[in-house]
Amino acid sequence: MKLVVAYIKPERLNPVKQELFKRNIFKISVTNALGCGRQKGFVSAYRGAIQEVNLLKKVRLAIAVTDKFVDTTIEGIIAGARTGAIGDGKIFVMPMSQCVRIRTGERDNEAIG
Amino acid sequence: MKFRYFTRIVLLLTCALPLCASDTTAHDVAANTFMINNLWIIIGAMLVFLMHLGFSMLESGLCRIKNCTNILFKNTLTPAIGFLAFALCGFSLMFPTESHWVVNEVLTFSGFGVHVPGGDPMAYNGTCTFLTFFLFQGMFAATTATIVSGAVAERVKLSSYLIFTLFYVALVYPILGSWGWGGGWLASLNFHDFAGSTFVHSIGGWGALAGVIMLGPRIGKYVKGEPKALPGHNMPIAVIGTFCLWLGWFGFNGASALNADPATISYVLVTTMLAASAGVIGSMFSSLVFIKKPDLSMILNGCLAGLVAITAGTDCIGLMSSIVVGLIAGVIVVPAVLVFDRLHLDDPVGALSVHLVNGIWGTLAVGIFTKEYSFGTQLLGVVTIGAASFASALFLFWAIKKVFGLRVSEEEEMRGLDISEHGMEAYPGFQFFSNQ
Amino acid sequence: MKFRYFTRIVLLLTCALPLCASDTTAHDVAANTFMINNLWIIIGAMLVFLMHLGFSMLESGLCRIKNCTNILFKNTLTPAIGFLAFALCGFSLMFPTESHWVVNEVLTFSGFGVHVPGGDPMAYNGTCTFLTFFLFQGMFAATTATIVSGAVAERVKLSSYLIFTLFYVALVYPILGSWGWGGGWLASLNFHDFAGSTFVHSIGGWGALAGVIMLGPRIGKYVKGEPKALPGHNMPIAVIGTFCLWLGWFGFNGASALNADPATISYVLVTTMLAASAGVIGSMFSSLVFIKKPDLSMILNGCLAGLVAITAGTDCIGLMSSIVVGLIAGVIVVPAVLVFDRLHLDDPVGALSVHLVNGIWGTLAVGIFTKEYSFGTQLLGVVTIGAASFASALFLFWAIKKVFGLRVSEEEEMRGLDISEHGMEAYPGFQFFSNQ
Amino acid sequence: MKFRYFTRIVLLLTCALPLCASDTTAHDVAANTFMINNLWIIIGAMLVFLMHLGFSMLESGLCRIKNCTNILFKNTLTPAIGFLAFALCGFSLMFPTESHWVVNEVLTFSGFGVHVPGGDPMAYNGTCTFLTFFLFQGMFAATTATIVSGAVAERVKLSSYLIFTLFYVALVYPILGSWGWGGGWLASLNFHDFAGSTFVHSIGGWGALAGVIMLGPRIGKYVKGEPKALPGHNMPIAVIGTFCLWLGWFGFNGASALNADPATISYVLVTTMLAASAGVIGSMFSSLVFIKKPDLSMILNGCLAGLVAITAGTDCIGLMSSIVVGLIAGVIVVPAVLVFDRLHLDDPVGALSVHLVNGIWGTLAVGIFTKEYSFGTQLLGVVTIGAASFASALFLFWAIKKVFGLRVSEEEEMRGLDISEHGMEAYPGFQFFSNQ
Amino acid sequence: MKLVVAYIKPERLNPVKQELFKRNIFKISVTNALGCGRQKGFVSAYRGAIQEVNLLKKVRLAIAVTDKFVDTTIEGIIAGARTGAIGDGKIFVMPMSQCVRIRTGERDNEAIG
Amino acid sequence: MKLVVAYIKPERLNPVKQELFKRNIFKISVTNALGCGRQKGFVSAYRGAIQEVNLLKKVRLAIAVTDKFVDTTIEGIIAGARTGAIGDGKIFVMPMSQCVRIRTGERDNEAIG
């Protein structure tokens, strides 16, 4: 099993969700995040004083999937999140050793979906 | 120079007292009446000013976080631009000096700038000084533009909105207003709009409709034709706004009597309060019926709907009838919101349902619930003022669109006008989901 | 119809002036006095209206995010329901027409609906028109229910609260109020409650106590008997609320004089301001002593405590004494909050400590700090009104509980009333921790 | 005791009417004039009170989340402490009783506590009762301290600020105020400051400057000499604050006439409204020029700048000139903010640019735009009051620093004053980034 | 070492904390999250317009533990979070290769507790 | 590749960012978090009632790096975040099996930086 984590642009969340739904991936967890990357942020001003905004608003997705779903998931995320502009974000895939459904106590493959 | 003043006044008074001739006294009595009337109209002007705070909060509360600063900016500028535009041009287009018309009962103009008539201040209109009248009318004028502001929010370009405001308050509102309140042809026909269901709210409402049509809906509002919810971000400030409007309306209606006659103003305030209360109740039930739940934003609209509706006849509609007028206003505001939504007329704050629909309803209600005024004339006023203001607003928006563009770019709209127009956030530090 | 009006009035005035007979003049002088008094009471009514905004913000600010919309909804409906209920029924239960009582000095009733007495408007009570008086009293009436609203917040069912409000304002408040302000038996005993420490605040406070008892505490408020903090979610709006109340109180107390006599109203406003200021200071020190830190919500309560306490004797308690009354009110409000909390009487906003405790203290203070009024009578008033209002409120809540249920389900309470009763959030888009 | 009152008054009136002697009538006419004047000043006092809500919201909105409760606490205490301090000491230092001076035209004192002069209330100053005057002045006094509050926010110790407020309102403001409004030497020189550009706003502004210098900038404000943005956390409440101030200013300026003379008060309100509007417009353009974007916080400052500037000459500056005065005020407020920032005078809310800079500009503008008052005298007033208030404030802050310390510890400042001084948050439950 | 991540219902946070404390697990990090899973969300309305709320409020726990504590941790979370209703959440266990205490620079087993 | 996750004190975010920048680590994702650890929180009061605040404000950093950068990253975080006081936080390093740049579809080492 893998945990697929992605940082994407906030306004791409809905398209990503739709693309994942199309691919039968319905279970997602989402967190608010800020990111700093190649897209280096901008210098703003408030009352004339400099304000370096180098943490841009992002959204973090976490999706636990069985190994064979990893590629579909990545593909779905890319399909929804890619705009081609800098700052589209990253996907990180991490090994996961256990998965438990709290409600039933089911484990691993039974619990993941 | 506070304290020094007194002594002079005391001297004046003590000089005045011993004369005691009944002529002098009669004059002094009239001067006192004048002072009281004048004071009430001053208070009214301040209460109408409070309505600008009301609109600011209601509109920003019912829009999304990312456009909040922009709405606040527009609403802070609106009374400033509106008052100056009206002062320097509009007033002279609205109120004929010594009954002088350029085109009889249709167009008047006595020059740019503020011209205070000389002579006895009591001579101007018998209940308040020229400047009091001017202040009160100036405060009124700016509200018309504010009504538009809410309907076009979240997508209109700041500069374009400000230009629209300038022209609408400097030209359209005063010229149309002169037909009634300036003593023009509608007034001659005995058209009755006591405090502006038509002259303020409908004119504002038609402007809003023109804006909504010319701008189109916000991105994401209609997905495959279905209206989607874009919820307002801050309910407490929307409530603050509504209460400020409600309170301000007592001055809006009450001081439109242009005197402090106890019978008149208490009557006006009671009908205003009854209609607002009934509007709240009506919209609560209407909300339960039409959308199956007690929606807070709907009862805020319902309250204002009741207030807009009673405005035309607040002085002459019966007490029980004013409850009925308000109740109906509250009931219809909810389906009105739904209908505009189905028509893809995207109005984030419900300005069309509140000001346009109920401005019309309130004006017609005068013809229905009173004997003195005919339904026909009321309808004539609604139609002519409606046609003229809608056409002017459409033209204005069209011209601004041609010259400057009306709407921000798609990217700016997605990012929010706060960042794209002002480079600042409304709530720095707070975390919010920004995927809407 | 603004401008046209003038000309008529100018004509009237110019007609009136030449007469100049001293009879006419004397009448006009009296008419002016009447106009001024009437205007002040109108202003007072508007200020009391502002208190509804104050309560809305104070109560929603001191509750949790998840119940904010619900509180705003209740507080927007309260003046609407309250005013209509009082208009259509309560007023006639409170103020006997031509001193007619059903049960002498205990119960009066002159029918449902608003009955404006005919004849000279000045004849009604000499300082304001019937409708001005009616408006002012109607605004007052609705505040009583609002006091209950805060105490029962975050767990009461919307519909049940609204039904309670309806009956409390339509029946309980006016009947009890008639005993004093309607000229009933307490008035005959020279019981003094100038602007309502007892008739408004205690009656509200006893209603709140009944509600708190019948409802029980919020889930999570007492864990193993220990009171836990459930902090209010928005301090700025709580402060807005307090200032609106403070400002509104100048009208609440000031216009309760029912005239604009300069000596009286300036005296009342100064004692009001002194007591409120002293209440703030008193509660700051009390907060430092009892809870070891300067708690903002406590000084907001302290301010209101001072205001509630001075309300009964604002016209007759000495200037220095008014500071003492306010100071004591501010000092006791803090331990009062702690004691109610220890007694597991869960009152999210401190309504019991502010309105009930200090309503009693203020009423008794009249007996302590003045010579004209006896402590015994004041105590009698406190006890009888207290017993009657508490019993009525208990009965009302009990009956509503039987018929409709009083409290939302545990699940709804955990989820928050905003979602469960209204299907909407107060701050969509904002992120907050929702584990409380 | 409402209803009972009537009957007595009705009796009084009906007794009074038949007399009808013209002596009596003349007296009654004067009594009516007195009532109206008194009423307007009462209203003015309430409007000035509203400014305290304005300051609370503006200041807390323009500061960071972590210090919000603290600012609200300070601003709730300020009117309380200010009013009591002025009542018990300041008033007697400001207004000489029967023109008695300790040091001629420089220092007066008639004892601690409130001493209501006996005799006819109309005898005190002919337009309002002693207590009305006292109330109005007390409300004014507290605003001076509030101005300081914003400038020293986010780092000053609560207790030290409160002690400063106490002394500034009890001693400095009234002594300096007596030179003008108490009829002292500046008044004798025909120095004109109608409603307090100098006596309120400059004195407050100089106090703010002293505070800013003694405290130093907030941590993180200047990094390697460069000013950094520490954005205010809540724009809607900053707008609420500004509108409350704007509205309150109509009372601040209008009731400073100390009578309700229709010509005077309408003139004052119109110039006030024109200058505020022009200030908004001026600062918008100035903001576009100097910082290349329409900054909301700058137009809020611009609005207040226009109001501060017109305050001195609101009764005598021409209508068109008042637009110019406001426009210039709005234009200069933006570079003023930038300059203070470059000078490392850290003023979170722009109090120096608004109140100090424009208090001076407004006072001088009287000398420029009117014939009656000389520029030289106006300048003399600006300089002497400036020197005296700045020196006193510096001394006060220095002394408090010695005795109690002025500033919270670095750790407390980083954590935020809400937690470190009050142990509570302003928005419990909300999530925000707390790395600023 | 493992990182145990759990998405639970917000109102279960306190019970979970208590259950973990009972089991001598005192160190937890918590993040706000939104989740979409079998509990498919609800269709709400605002001013009569459809609002599909399919991201429900959740809380994300992250607990770093040594391998032998993994089961106790899972058990503790389940004890506190289970209501039996859909939406109770999931537990994901991920391998962790290092752990450092910033204050002392201690590593791994010494740092984790 | 590894995902370095750290929970630090909020006010240390800027120093940490600077230390990482110095070490040529520019890509970071940040999330708001609450933490409970040895620094056991405090007992506050609101209106005199007890309020146990045992979840303190923290900030969560997530930094994906190639294996050889792990130590530099840890060192940088420590340099910026250490105050020596309890509550400085923890660093967790987790194996990462894939990394994808959404914009380009690049994978792993090419995508990570």
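Per-chain residue numbering starts at 1, and chain names A, B, C, D, E and F are given in the order in which the chains are listed.
Please note the rule applied: a contact is a pair of C-beta atoms (placed from the backbone, for glycine too) under 8 Å apart; a residue touches a chain by one contact, two chains touch by 3 or more.
Treat the numbers as computed from the prediction; the structure is a model and nothing was measured.
When the contact pairs of A-D are set against those of A-B, D-F or B-E, over half line up by residue number only for B-E.
The centroid of the Cα atoms in chain C and the matching centroid in chain E are 47 Å apart.
Centroids of chain A and chain F (each the mean of its C-alpha atoms) stand 18 Å apart. Distance between chain centres (mean CA atoms), chain B to chain D: 30 Å. Counting partner chains per residue, chain E has residues 31-32, 34, 44-46, 94-95 touching two or more of them.
Annotation for chain C: residues 22, 25, 29, 32, 36, 39, 43, 231-232, 234, 240, 293, 295, 297, 423-424, 427-428, 430-434 touch two or more other chains. If you check each pair of chains against the touch rule, the ones that pass are A-B, A-D, A-E, A-F, B-C, B-D, B-E, C-D, C-E, C-F, D-F, E-F. On chain D, the positions that touch chain C within their shared complex are 1-7, 9-10, 13, 16-17, 19-22, 24-25, 28-29, 31-32, 34-36, 38-39, 42-43, 45-46, 49-50, 52-53, 56-57, 60-61, 68-69, 72-73, 75-77, 79-81, 83-84, 87, 113-114, 116, 121-122, 128-132, 134-135, 138-139, 158, 234, 237, 240, 421-431. Chain contact summary for the complex, chain A toward chain B: residues 10-11, 13-14, 32, 44-46, 57, 59. Those residues of chain E that touch chain B in the complex are listed here as 34, 44-51. By the touch criterion stated above, chain A contacts chain F in their complex at residues 2, 5-8, 31-38, 40, 54-55, 58, 60, 70, 74, 77-78, 81-95.
Partner chain A is touched in their complex by these residues of chain B: 414, 423-424, 428, 431-435.
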